[in-house]
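Pasting the structures in now, so scroll down.
Okay, so subunit A shows up in both of these, paired with subunit B first and subunit C after.
Our next item is the complex of A and B:
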């Protein structure tokens, strides 16, 4: 065998191994999610079967039907939970992004006293585990009458997300050369116009990714929401999952069906913003 | 079109003063180049004219207005940045038309102005591309196009060619010069490259440490440098400077031969005064390989340490009066290191500086 052939064969073998490794890795990542989706379509007997039934033989929409059905027959106020989740997540994300943009821009562009200290201070708040805040938050919310309200959760999620959005957006504004805003000012823009017409669109990708992260954090958060909500008026979807547990049984199929409903909007949103992420990252106005 | 004036302009960052009260009058349609080593305050001065930097003291005027406190948008200037600063999210067309769009001009007018600028800079076929899809030279032209669409009073260039490779730089230099002839306007151009300064400028302003060292036409600053700094900064290779002392009508070079005092400096020096003799490589040539020197000249012997053949001429390096000196050889022949040659020094082209003040005695 000549050397070239050996190298070519080696290349093929490596490629196969590479694909196999990727397949294993992707399986580990994806199977739990797929399992949730699969379970939402099959009867409880099959879900609980031991050994597990890998290939479903009885798919139905029963869990979905029951979930949207009357309260006595396994129904949960899905639409109400969905609306709560949407209102709380969107509002807190928008505010966190606005604050993050203002803060990130300030850290990226301006010099001021104690800048490094303030920045580290903000970041350190992220080091506190969220759950450890649940009791203090509960007390504060109870005293201010914000328990079981949208506003209460919105405030909590803004506080959770702001350090993160500031940090992420600061990084993106740092990558936007100062010259761009100066060029815009010379081209006739006010400071404000220069920001909105030039710096903001250029940093759009980073702001969008900060938005996704903030949204997903709020959308999926369970620990604090479970403490601070009481009724259908403010329960979010992750908290709503608990409606499927009763004293002695857990309705796994129903839970999975609701989980699927949670995943869908998050997927759609990520998909929409992903386009911006890619197109926005094609820099080139400045020689790099 | 407009004049620009700077009167006692000062820039301070906290306690640190970087521009020390400079005065400069720039005529209408004049091409002025600010040149100096990095950190000399030339870019800061330009940015003060642009309004991107606050003015700590003095007065900056464009046309007959004092613009000290006007924002950049009210000064009717345009600027080309070192890294081009094109808007990456806009096409070339949008980049060019941006200033007119901000000024809310009618669509038709914007289109016409963009087409005109694109025509001048041969950018027409790239109008629908984004800056990321352009080469360095093309980006540079877009940056210039963005500056000319508005027909500003003054163009400001901040080291616009320093990001280009050598060949493109020469080419763009010519284009800038042509552009100036075409669009007739006042240009203030900052560079650290003395060749750019010499080739482009109507007048050169040489700066150092926040002071103006000399203002003059390229030939003036080359022929009559006001001090040793200008003498070594302008011209390539830099002017040779040798320390010496005036002794009975001659200059005794420290540890070396004596030469006559150049005619233009006679009567301006006293016996015993410490001076610096300056001459360019072009004015020190080996006998038999030199230009005719009809005026007064001195003859000196020097050992050549190194030679750099350049084709039509050869640069010779030797040591004279304890300093490394560069000389030029016309109609070159190979020179071996260590060879001793007789050189002619053209005294009519020599410069004399005071050793203490470093100022010219010419």
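Our next item is the complex of A and C:
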């Protein structure tokens, strides 16, 4: 066998190994999620069957129909939870973005003493574990009457999201050349006009992706919501998942259907902004 | 007449600072205070009784506390390291792909859309000893005919939780490291190849230093919200059975809400907060060091 052939063979083997490893990795990533989606279309009897039914033979929309029915499946008011989640996530995201834009702009464009310290200080508030924060928040909110209200959870989520939105938006403003705004100011814009007319449009896509990141955090948050909400008036969907569990049994089918309902908005939003999200996180960090 | 004006940067930062003070700092001060009292939710007057460091002493002397503390640090260390290594591996695999890479990248982000609480339920289901996917698969393939008690045995439950945590977070690392790999300049690698470097050498001495800042960004981001693992653990085992998978967070939650001992729970909460802050500052420092090495600091 000549050397050329050996070399080529080695290349082929490596290529096959690479594809094989990739296939295994992607299967591990996808199967647990797809399993949930599949189960939302199967009757609970089939999910729980022993011996297992591998090839589903009875796909239906029963769980979804029950979920959107008047009382919801097993009396779980899914639509109410969905509305709560939507109101809370949207409001807190919009406010967090405005606050984050102000903060991110301050970090990107101004030099001041203790900048690094303040930045780390703001970031650290995010590191406080939700469950440790929920204990004192529970006491404060119980005293101020904010417990079990939309407003209470909105406030909490704004605070939860502000550090990340500042980090991301700071990164996006840094990518906008300073000269651009300066040129606008020379041409007679005020700083305020220069911001809205020049810098904001350039960084807009990035800011939108920071918004989606914030939205997803609020949409998926559980540790704080599970303690600060009590009734159907303010429970969000992650907390609502628990309604499908009773002491000894779990309604897997219904839960999977709610899970799919939770994932769909996340799926759509993430696909829209994936490119910006990555560049925001990395440039904010690397060049910060 | 000159009017005193606040500097612009301060005005811009003010809303952020106000929100964070109101929602994070004030409750934390309250929690610090209540950790020195025997506060119980059921008896409000106990908030005004000062008992000094009793709660902290009680925590430090408690074997359960140290077991949970050790388990938390162990879980964090193993999870972050493995996620980083597997994320690096995944990123390198995807980076070599020339056709259909965009689709693969999108597929890779699939687990990031799952709320941690959902991941908890999902893996509780998958590892269920009776009808779970894993046991069903093993039994159908004839590898075992007993039901493996994934979530009942202490060690297996720890591994199951680790698997769930890794499934949900490895892609964060992979995505960020992949972004780093795109930014690695081609020339030095070509030059190294010409100079006779093995692929491993050029990876070790050229690629790796370039993607190091990206790895630390990923670690810093993950350490910021690593306590989200609480959701997963709380759903999968809630620290059980019989405290075998108890982490600091589940212990705090149970002490505070179920046993209603808020003072004691807050004392333990403070210890966990310092743990989180330690991890965060550590990675931010590493990030800065890696940046300086590349001359990107500023």
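Note that in this section the second predicted complex is superposed on the first by the 240 of 288 C-alpha atoms of A that agree within 3 Å, B and C clash if a C-alpha of one lies under 4 Å from a C-alpha of the other, contacts with A are read in each partner's own complex, and residues count from 1 in each chain.
Rule of thumb we're sticking to: a residue touches a chain if its C-beta (ideal position, glycine included) is under 8 Å from a C-beta of that chain, and two chains touch if they have at least 3 such contacts.
The model shown is predicted, which means the values in this text are computed figures rather than measured ones.
Colleague: So in the superposed three-chain picture, is A:177 touching just subunit B, just subunit C, both, or none of them (first/second/both/neither)?
Modeller: first
Colleague: Could you look at A:135 and tell me whether it touches subunit B, subunit C, both or neither (first, second, both, neither)?
Modeller: The second partner, subunit C, only.
Colleague: Contact-wise, after the overlay, does A:201 reach subunit B, subunit C, both or neither (first, second, both, neither)?
Modeller: A:201 contacts subunit B only, not subunit C.
Colleague: Once the structures are superposed on A, label A:190 by its partner contacts, choosing first (subunit B), second (subunit C), both or neither.
Modeller: first
Colleague: In the three-chain superposition, say which chain, subunit B or subunit C, touches more residues of subunit A.
Modeller: C
Colleague: Let me check the overlay on chain A: which residues of subunit A are in contact with subunit B and also with subunit C?
Modeller: Touching subunit B in the first complex and subunit C in the second, residues 282, 285-287 of subunit A appear in both lists.
Colleague: What part of subunit B is in contact with subunit A in the complex they form?
Modeller: Residue positions touching the partner: 50-52, 71-73, 77-79, 81-89, 98-99, 102-103, 130-134, 136, 139, 146, 150, 163.
Colleague: Quick check: in the complex, which residue numbers of subunit C touch subunit A?
Modeller: Residues 7-10, 12-17, 19-20, 22-28, 30-31, 34, 89-90, 93-94, 96-97, 104-118, 121-123, 125-126, 130-131, 133, 136, 139-140, 167, 171, 175-176, 178-180, 183, 213-214, 216-217, 220-221, 223-225, 227-228, 230-231, 234, 249-250, 252-253, 256-257, 262, 265-266, 269-270, 272-273, 276-277, 279-281, 284, 287, 291, 296, 298.
Colleague: Provide the residue numbers of subunit A that touch subunit C in the complex, in ascending order.
Modeller: Residues 18, 21-22, 25-26, 28-30, 32-33, 35-36, 47-52, 54, 98-100, 102-103, 105-106, 110, 112, 118, 120, 122-137, 139-140, 155-156, 158-159, 162-164, 166, 216, 219-223, 227, 238, 241, 250, 252, 255, 259, 262-263, 266-267, 270-271, 274, 278-279, 281-282, 285-287.
Colleague: In the complex of these two chains, what residues of subunit A are touching subunit B?
Modeller: Subunit A reaches subunit B through residues 177, 179-180, 182-190, 193, 197-198, 201-202, 204, 280, 282-287.
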